[in-house]
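Working notes for the structure below.
When the chains are written out, they are named A, B, C, D, E and F in that same order, and each has its own residue count from 1.
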Amino acid sequence: MRLLAEFFPEFTESLDKMDELYRDKRTIDEKTYQFICFALSIKARSKPCVLKHFQGALEAGATVKELAYILALVMREAAGADDCWTHDVLGDWKEIIAGNIKCDCQK
Amino acid sequence: MRLLAEFFPEFTESLDKMDELYRDKRTIDEKTYQFICFALSIKARSKPCVLKHFQGALEAGATVKELAYILALVMREAAGADDCWTHDVLGDWKEIIAGNIKCDCQK
Amino acid sequence: MRLLAEFFPEFTESLDKMDELYRDKRTIDEKTYQFICFALSIKARSKPCVLKHFQGALEAGATVKELAYILALVMREAAGADDCWTHDVLGDWKEIIAGNIKCDCQK
Amino acid sequence: MRLLAEFFPEFTESLDKMDELYRDKRTIDEKTYQFICFALSIKARSKPCVLKHFQGALEAGATVKELAYILALVMREAAGADDCWTHDVLGDWKEIIAGNIKCDCQK
Amino acid sequence: MRLLAEFFPEFTESLDKMDELYRDKRTIDEKTYQFICFALSIKARSKPCVLKHFQGALEAGATVKELAYILALVMREAAGADDCWTHDVLGDWKEIIAGNIKCDCQK
Amino acid sequence: MRLLAEFFPEFTESLDKMDELYRDKRTIDEKTYQFICFALSIKARSKPCVLKHFQGALEAGATVKELAYILALVMREAAGADDCWTHDVLGDWKEIIAGNIKCDCQK
């Protein structure tokens, strides 16, 4: 038995109810749900979750090819997030170079 | 002009071609694409990306309600990834307690 | 012998002194210290650290039940951080929908 | 009103119930709870959460000094997690140097 | 054959071209390149990447000692990033304590 | 005055000594040091650190072009880490599809 289920069963039940609620209410289909979970599991570096949702997506009718495309999207967005976040931070790079922007960070 | 586009335009072009390729080949529709990007942008803590894909999803016909459901899924999976990853690591917790598992980490 | 200790022993000593200092000065008890380290080790996805502080907490008198509760808290806060961060970013969602907020991110 | 509360109130209620449950059952005191949340909020790079738990800790009777010590612990453990994780991965570095360990990663 | 190469070979080719471009244009030498990749692989918690760039650095003429120093830098900067980010967020801590700063986060 | 320096000056001094030690011993030049710190600051989503090391690199004689190339490398490696990590996890994808690999994760 899993640690949390054994020692804090009320919390596990609470999560189960949340999952039921989500399943009842969700507006996306099972395949899309599994794709999003698969993508998030990669970012979370959780091997058991990646395996679970890889299998879950296949069971929901996805092909391995479709999952390869989701992986490609995760990779592209990883680069994209560093791109946009850094450009947001360095937006005024001409001002930084000109010495007009003070960095608050301790030297 | 953005820093990367100004100083390494070949790299930016390379990313643009990758995006074109992805658009041509992808097997998911625009709304699903925006949902996955929205979810990944939250995990990447990139504000400009979150705004971009929130707007992109709406333009693709999504409702704010649907985006709220994606946020809920991101939150649920954040908890879920910690859950599964930690249970994977602590799978043998009875053995750990019994002192039969050595931790390699330096004391 | 560990890589760092063998090739950069002065750095390892520096860390050891920092740990001594922390032990001498800290205002929290050993069990609380181990709980915080256990929680941080999960977020850092470091298996040896999780095992170390799981054992460390038990040695400090914690029960497995208490550790299960810390895990539950880590999970809840993972969801909570995505919740608060995203709402902070999307605070003006009515303005975003109305098209009054420009996203700086490159299309 | 927050996005999630407006468009998915059942999910927000579900989180509220989970928080009530945690409050009822938890074995740590309020100050320790706030310390752990403060530490996790830093790792999650969530500014509103850091402010919330900084204030929450003070309201629970913590001093700013105690919070400075928690920050120091977060910093020390950030270094520590990279340390342990990397040594775990590079444990056999003498074997790697000797060329006896194959890297599966694509060249 | 790797999943992505088998099911989305155009994407893999696109990445290969990007790598060629980077190799042609880059202004840093191979050893520096490997050091940066080694550092990033630790942060990304990707074991195969760490092994790849540990070996790559050695092949580029780096010593194990130099790699130990890079690891030390990664560790120091992990602590440093938590330091600077948190101080940025808590910059007005005297104002926060005085109750003059409102936290937007839901209670 | 910064929070940590005011309330835990011994810890700040300890970090300062560590920095001195690193400066004395390091085998990389200042520009390479700043490049690695710039790359790590992006991954750590710490704006003040990115600004500090952007400026630090320029002061060490780097050009903005060189920094744009480091950003490109960070982006490429972000995609690369997701690539290698996921392929490591899904290495046996043919076995997974064949149903020969059990996922330990709770259904």
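Worth a mention:
The criterion applied here is as follows: contacts are C-beta pairs under 8 Å (C-beta built on N, C-alpha and C of every residue); 3 or more make two chains touch, one makes a residue touch a chain.
Remember, it's a predicted structure, so these values are computed and weren't measured experimentally.
Chains making contact with chain C as well as with chain D: A, B, E, F. Contacts with chain D and chain E are shared by A, B, C, F. Matching residue numbers shows that A-B is the pair in D-E, A-B or B-E whose interface repeats C-D, with more than half of the contact pairs in common.
Centroids built from CA atoms put chain F at 18 Å from chain B.
With touch defined as above, residues shared between interfaces to two or more other chains in chain A number as follows: 2-4, 8, 11, 15, 18, 22, 25, 43, 45, 47-49, 52, 64-65, 69, 71-72, 74, 76, 78-85, 87-88, 90, 93, 104-106. Taken in their complex, chain C has these residues touching chain B: 2, 42-43, 45, 47-52, 54-55, 58, 64, 71, 74-76, 78-83, 85-86, 89-90, 93, 96-97, 101, 103-107. Interface residues of chain C, counted against chain E in their complex, comprise 3-4, 6-8, 11, 45, 84, 87-88, 91. On chain D, the positions that touch chain C within their shared complex are 2-4, 15, 18-19, 22, 25-28, 32-33, 35-37, 39-41, 43-49, 52, 65-66, 69-70, 72-74, 76-85, 87-88, 90, 93. Against chain B, in their complex, chain F makes its touches with residues 45, 64-65, 67-69, 71-72, 104-106. Put simply, chain E touches chain B in their complex at residues 8, 10-11, 14-15, 17-18, 21-22, 25.
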